[in-house]
Amino acid sequence: MTPDRLRKIFDQVRRGKLLPDEGVELLRHLPFEDLDFAKVDHHRALRVGMPEVILGQGKTPAQVAEIFARLARHSRNVLATRAGREQFAAVKKKVRGAKYRPLARAITLQRDAETYGKGTIAVVSAGTSDGPVAEEAVVTAELMGNKVEHFYDVGVAGIHRLLVHRRALARARVVIVCAGMEGALPSVVGGMIGVPVIAVPTSVGYGASFNGLAALLGMMNSCASNVSVVNIDNGFGAAYVATLINRV
Amino acid sequence: MTPDRLRKIFDQVRRGKLLPDEGVELLRHLPFEDLDFAKVDHHRALRVGMPEVILGQGKTPAQVAEIFARLARHSRNVLATRAGREQFAAVKKKVRGAKYRPLARAITLQRDAETYGKGTIAVVSAGTSDGPVAEEAVVTAELMGNKVEHFYDVGVAGIHRLLVHRRALARARVVIVCAGMEGALPSVVGGMIGVPVIAVPTSVGYGASFNGLAALLGMMNSCASNVSVVNIDNGFGAAYVATLINRV
Amino acid sequence: MTPDRLRKIFDQVRRGKLLPDEGVELLRHLPFEDLDFAKVDHHRALRVGMPEVILGQGKTPAQVAEIFARLARHSRNVLATRAGREQFAAVKKKVRGAKYRPLARAITLQRDAETYGKGTIAVVSAGTSDGPVAEEAVVTAELMGNKVEHFYDVGVAGIHRLLVHRRALARARVVIVCAGMEGALPSVVGGMIGVPVIAVPTSVGYGASFNGLAALLGMMNSCASNVSVVNIDNGFGAAYVATLINRV
Amino acid sequence: MTPDRLRKIFDQVRRGKLLPDEGVELLRHLPFEDLDFAKVDHHRALRVGMPEVILGQGKTPAQVAEIFARLARHSRNVLATRAGREQFAAVKKKVRGAKYRPLARAITLQRDAETYGKGTIAVVSAGTSDGPVAEEAVVTAELMGNKVEHFYDVGVAGIHRLLVHRRALARARVVIVCAGMEGALPSVVGGMIGVPVIAVPTSVGYGASFNGLAALLGMMNSCASNVSVVNIDNGFGAAYVATLINRV
Amino acid sequence: MTPDRLRKIFDQVRRGKLLPDEGVELLRHLPFEDLDFAKVDHHRALRVGMPEVILGQGKTPAQVAEIFARLARHSRNVLATRAGREQFAAVKKKVRGAKYRPLARAITLQRDAETYGKGTIAVVSAGTSDGPVAEEAVVTAELMGNKVEHFYDVGVAGIHRLLVHRRALARARVVIVCAGMEGALPSVVGGMIGVPVIAVPTSVGYGASFNGLAALLGMMNSCASNVSVVNIDNGFGAAYVATLINRV
Amino acid sequence: MTPDRLRKIFDQVRRGKLLPDEGVELLRHLPFEDLDFAKVDHHRALRVGMPEVILGQGKTPAQVAEIFARLARHSRNVLATRAGREQFAAVKKKVRGAKYRPLARAITLQRDAETYGKGTIAVVSAGTSDGPVAEEAVVTAELMGNKVEHFYDVGVAGIHRLLVHRRALARARVVIVCAGMEGALPSVVGGMIGVPVIAVPTSVGYGASFNGLAALLGMMNSCASNVSVVNIDNGFGAAYVATLINRV
Amino acid sequence: MTPDRLRKIFDQVRRGKLLPDEGVELLRHLPFEDLDFAKVDHHRALRVGMPEVILGQGKTPAQVAEIFARLARHSRNVLATRAGREQFAAVKKKVRGAKYRPLARAITLQRDAETYGKGTIAVVSAGTSDGPVAEEAVVTAELMGNKVEHFYDVGVAGIHRLLVHRRALARARVVIVCAGMEGALPSVVGGMIGVPVIAVPTSVGYGASFNGLAALLGMMNSCASNVSVVNIDNGFGAAYVATLINRV
Amino acid sequence: MTPDRLRKIFDQVRRGKLLPDEGVELLRHLPFEDLDFAKVDHHRALRVGMPEVILGQGKTPAQVAEIFARLARHSRNVLATRAGREQFAAVKKKVRGAKYRPLARAITLQRDAETYGKGTIAVVSAGTSDGPVAEEAVVTAELMGNKVEHFYDVGVAGIHRLLVHRRALARARVVIVCAGMEGALPSVVGGMIGVPVIAVPTSVGYGASFNGLAALLGMMNSCASNVSVVNIDNGFGAAYVATLINRV
């Protein structure tokens, strides 16, 4: 029920074509969502330029291509995460301008390349193997209209490599930190800067890393108070949260 | 916003005291719940005679007494679970007719003693120590207007004690089974009867029982298909589910 | 030992062909189950029209086909769950009328299509990936003689999609809710309606979902009291419990 | 080593009072931190008005009082979290103006009451028992110079109570959500609004809640992408992250 | 229904006082256990001299005393495990001859001191702190009529202390091994001898021992094939199993 | 050092060819095991007829065949567990008389078929899927010279199928019970008989069975005191322990 | 059996007072440990000056005092860990020179104050709450004859505080690092230096620290290769290992 | 910034070519690492002869070959761990002198074969399946310039096989112990010798070994105080720590 529709009812009541009780009855039997015309739009600004997103994992190339093409009709930017080359091949045939970012395992369509974020998002990762998760965050953040700077291979066991980037990190408006194994990097980065840190535990490691559980627990217990945590390997989610912070 | 309130708006529109656009605006700015006059009442029958409930645990005697008294003003039956004698002493001073069921650790006020359930709820427990959880289920179910039959101390290691009650169990409309340690009883009971079994793992046990985790996992993996499970020691929840089944 | 057999013994004793002690001795040496003629049949009604069931997982196509065919000789309805297309191909050659439901991964034979359930079973699922588990529940419930209504893709992060179906859900006699990830849907649904909710955690998710453990724990701790839980991905079990509730 | 100190060395070298090699040697033997005069101050604005913080838990009243008094000499605002009444009694004797917030279990000294945050922080909690954690977040956020709005007792099993506050929530710049048991609330709130959600699992619950583990896992797996998570019961940390977001 | 009772029915049928159909009907309506006259007694020998047992933990002194006294009326030997001095004080007043074994925390009444076991049960424990569990096994085994030999403080980090007892261990018919911490002792003992080893993990340890879980897992994975395991701290259960083995 | 070797030293000392100090020195420098001639042989009887055993898992067919052949030179009976058909094919070429037991996945060579066990070992399994583990126990026990009786498919949800075998079970000298899922069967069997029960949790199940962990925990917490437990899927270990019990 | 005793046997054989066979027989029947005169003493140097140690936890003051006094008779240095003031009071009455170190909760008797370690042991701890564990390591290492340097409150969230001590740390021969919460400190320290790091997870933290499990897992997964780990809160064990390294 | 570079600045200041303030400014804007000329070299000796290391796992043959070749240009010894034959084939084409150690799954290039370790490193492993992890430790230790002695197949269930090597073990300067299943070997070895023991849990086992978790927990709880632990299957890390100890 749009406000228009509602106004018509009131008009009819006014003009005596509808009794007040009939108006009540009409409203009573409308499905819930039609009543809900009072949609909030305070946060619309926060959503402009956000891409539509597909999770590629577990879908066939044909399925990904079909959904991607459908979304591309209505949305300027589209992102498929956790997608392989075969899925990209299928998408490319249907959607002109789609690109593949192999390290991030992401298919992107970026027709709106405007910058909506107010500052820079820094993405930091501990080791080479954490790269794909960090890159998923980078690609996502870029497609959401942020300036992104990345700092790779700056694990805590070589603290000087991280310290070199101190100033650059300090310029960011929000920092994403991806780390597997002991997951210690967010604490160190968090202690060095004064902005929010989004920590992403990765499933990198073996043995007692238990597929990222050790890193996740480490990050939950971070002694730096500016750290909050998303799911294991969830580079996308971290970029999404960071984007919202970068737009407020 | 009650229908009455809505009707008045329509009346005012009709009598020209309110313009249609003003009517739209009025509705637009009403908080959500006021619009929601179209409450469903299909299940009202299922709720008649349900007591108001307080979780005694973690509340002072004074707090329990105050809440209990307040609820007793509007509701005919009131139940406080996980409540001690001191809490009851405080309630008794404020609410005439309140009773204490020590094994169940429950304070009850039952002014509506009608039977709403269509059949009998059977409550089965494995060992003496499972008694309090089973008794919480019994008291809850009774207060909710069910006929309840209980079968205590019929653990799986003495299967004959359980078999004795086969016929009685078979007469129930729904069965609650409380067991700690290995949590095997729901599977055996479930295999003997053809009605839903609500399994309640209890924290009874030591060592590798891990406060009810072993029983919970056992019940989740029950080889009897008519078993579903509620939280550890949640006798109240089991009785609540059973009551709903007994009323449908 | 049927009552007939027992009566003959009494007859022989009566006619002097058997001494009382010989009668005692005869009974003493009969195996247990023969003594057990006193079978309860209170719940027979609850079992009429229930299909025979095969777990397809871990069985070869030949094995599934053989068991399916054997069961189809004595039973009107047969269901094989967690079965692939190859298993269905093998069944189809042996059993006329067998059908395959690919999303549910189920092979069905339905020669008795009567409705035994008294009301409707609603099946709700959170996301697309929870589909197969929900569909297993749907197919199972249908084959067991229930009217089934399904509501897909109504996850808690888009609560309005769920609210739209409030009235429809409120008409159901029992509701099955399938959800992976955080497993929050049963709580929300449970709070909206007054009938029993059977919650099915699914293994959908990654990272800290730990193959459904996060959803399972979430559902065990549901703040809605009308929720009980079955094993991870156990769509069949949920439908079985719901069917029993729908028949009582 | 301040720039001043360094300038003096260069001066002495210039004036020939120090040989270049001696200058090198002086720098070589200075401890690390003295070299580090190039401190970054980009984020100074983010730290103005932040209180000094003490963790009261595990400290004697005397210890808390002594630390509190020392911090109060140099800092305008001081906060002691997880502190009891006895600890407050000790503080009150030493520090004029210290207040106690019993529900939050916090001792506060607020001499700088300016508002530094740009928008409002909303704090939402699921049940009464989650109150202390939510209140710790509220008190912390207030002391850090934020406008704070709280919404208590809006658990997912009564979704309408939450929906009532939809507009108010939508006005917040960042939302903190505290929930125990199944930890589902952040997903629902996250789906309703377009700003970052900081989720705080609480140890509220029993049995399979495993002291907040169930809630933590649920929140890590949230299907709403704007959710990130802090440690169990860490109301302070959530407020700290929210404050940083509210200031960027 | 005893055979006598059954014989009477046949007699009545024979003498025409009861029709065959009436006999059938009589049997049909007898409760299950009455039909079950065909009790097996093959293992009676294994049970002669077994004491009645009470778990003292969680019972008041009065409760323990009352149960103990009741059992003492019908049974020659009675054992209360996990019982404290206060419980013993209460028992002593009611039951003459009751003794207290403080290390084992057991109250015993032994009026039948005959030896029923065919060989010796050896009880081995790793450290001083494992003593109470080992002693519970010793007391239980003695009261069940076994010769028991104990070997204390022979942990694996001082392997020579264990090797000293090799011959003595080799004479046992079954060996109980109690160990906390890493739970390695059963493997070493198991490798030295050719009889069954009953392993008892104890909750001795701290940190990563997780109340006996580390020891339990260690023992489950024993590389010695003659090891089987009972619950954490379950000295009683180990002695029970060992007694059965010693009697076969 | 054999006794012979030692005697020669004494002879030499006696005949003056060796000084006492030289004798001391000789012993001092002998490696440990040579000193250890004092081997215990009390348990030799328990070991006669025990096969040599190979774990097939993780070994190539060639490796299995080579080890099998080597063992077959010195030992009358040889057993390879967890072995596939390819491994058997390789063994068969090298060792005449080797047989394959497909369900048990075992390769056997049995040239000594004497019965060493004093009674019967009963092997009970809950469901069809537990078959391979149970069969591994059966084959192992047979090869170790025991009479074995097996009872398959007698899960707790169909308790009557188990009760039928009550007498047969009661005749066994030791009982092995294999069960996955909730692992409840050992408790029920344990309560029915008076001999030791060796429980084998199997990895049968899905979801919350966590590869046998649920069954393992269930069995550790068995309310039947005559139950002890071996590792998940360890049919071999259970048969080994049972064999030792059957020989004492 | 000392070499002396063995020499006598040879003497007797030589002098014909003992037949060779009798000599063999004598040896055969000696208990194991008597044969084992060939004790290794290669590592004696590593053990000189090591104190005798008592675990105070779980012992009464009287017990601690008695053991302490007994050990003090034969050993120059004695250490009681995890001991309280009451235990110390009891010790002090019996043993002159015993001292109490309250932060470490250790009772010490140090009559041999020689330095046996070749270099310095550095003990680093992350936060104030890790102090007692670190101090236990310090006291233990000192009593074992090491020079010890400690660096407190140098957690990873304030990395500059740690960097200040870089040179001092680099001078140590082995470093002990104690940290709770996320347990990240050993990785950072390990990356800064080239000597072995002994990591001690502490139970400091709350919520998802799970009593030190998070720290333990973090340390097991350290990306610095020179880190090895001891049990949670095991300051003593870390000092013991470090002492051995410092003496080799 | 090398000291040379710094000296030049001072020279320029001295010669008036640079103002003191310009000197300050120059230092202020240098990146962190350039300031850090004061590198510690106390531990240089500990690092001489250490190979460069590549983790082969998860890298393509081409990637491994390329990195290996690059490292071989600057480093005398190179080690690739967890590398397969295909990866070796690729390396061999590019790097002359590269060798493959199949059991260790390691590719080695050893152009510096000098011995840097002061004593011997002993590597002990429990069972055949632990071989690869132990061999990784052996190869790593050898390439790092240590004399290595290995003792395979000396599990705790055959304690005599271990005791045979007691003297040889006692000669080592540090001992690495690899064990899966119950992980008991480090405790036994630790108790026999007086030098540091590095324990490596292996993922060998099945069922309740949980991929090495049981062994890890066992080793963390070792009752021998000279044991510290590295990650599951981390033979490389153990050898690295042992090498550092062998060089101090």
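Think of it as A, B, C, D, E, F, G and H in the order they're written, each chain with its own count starting at 1.
Just so it is clear, a residue touches a chain if its C-beta (ideal position, glycine included) is under 8 Å from a C-beta of that chain, and two chains touch if they have at least 3 such contacts.
Bear in mind the structure is a predicted one, so any value in this text is a computation, not a measurement.
With steps allowed only between chains in touch, the distance from chain D over to chain E comes to 2. Here the spacing of chain D and chain F, counted between their Cα centres, is 60 Å. We define each chain's centre as the mean of its Cα atoms; on that basis chain A and chain D are separated by 25 Å. Centre-to-centre spacing of chain A and chain B amounts to 41 Å, using the average Cα coordinate of each chain. Chain C and chain H, compared by their mean Cα positions, are separated by 55 Å. Annotation for chain D: residues touching 2 or more other chains are 32, 36, 163, 166-167, 207-209, 213, 216, 220-222, 231-232. Of all possible chain pairings, those that touch are A-B, A-C, A-D, A-G, A-H, B-C, B-D, B-E, B-F, C-D, C-E, C-F, D-G, D-H, E-F, E-G, E-H, F-G, F-H, G-H. The touching residues of chain B, when paired with chain D in their complex, are 31-33, 36, 57-58, 201, 203, 211-213, 216, 231-234. The residues of chain A lying in touch with chain B in their complex are 3, 6-7, 10-11, 13-14, 16, 19-21, 23-24, 27-29, 32, 35-38.
Interface residues of chain A, counted against chain G in their complex, comprise 126-127, 155-159, 163, 180-184, 187-188, 190-192, 205, 207-210, 213-215, 217-224.
Across the interface of their complex, chain A is touched by residues 129, 160, 163-164, 166-167, 206-209 of chain C. On the side of chain B, the complex with chain C involves touching residues 40, 42-44, 46-47, 118-119, 166-167, 170-171, 173-174, 193-196, 198, 216, 220-222, 225-232, 236-238, 240-241, 244-246, 248.
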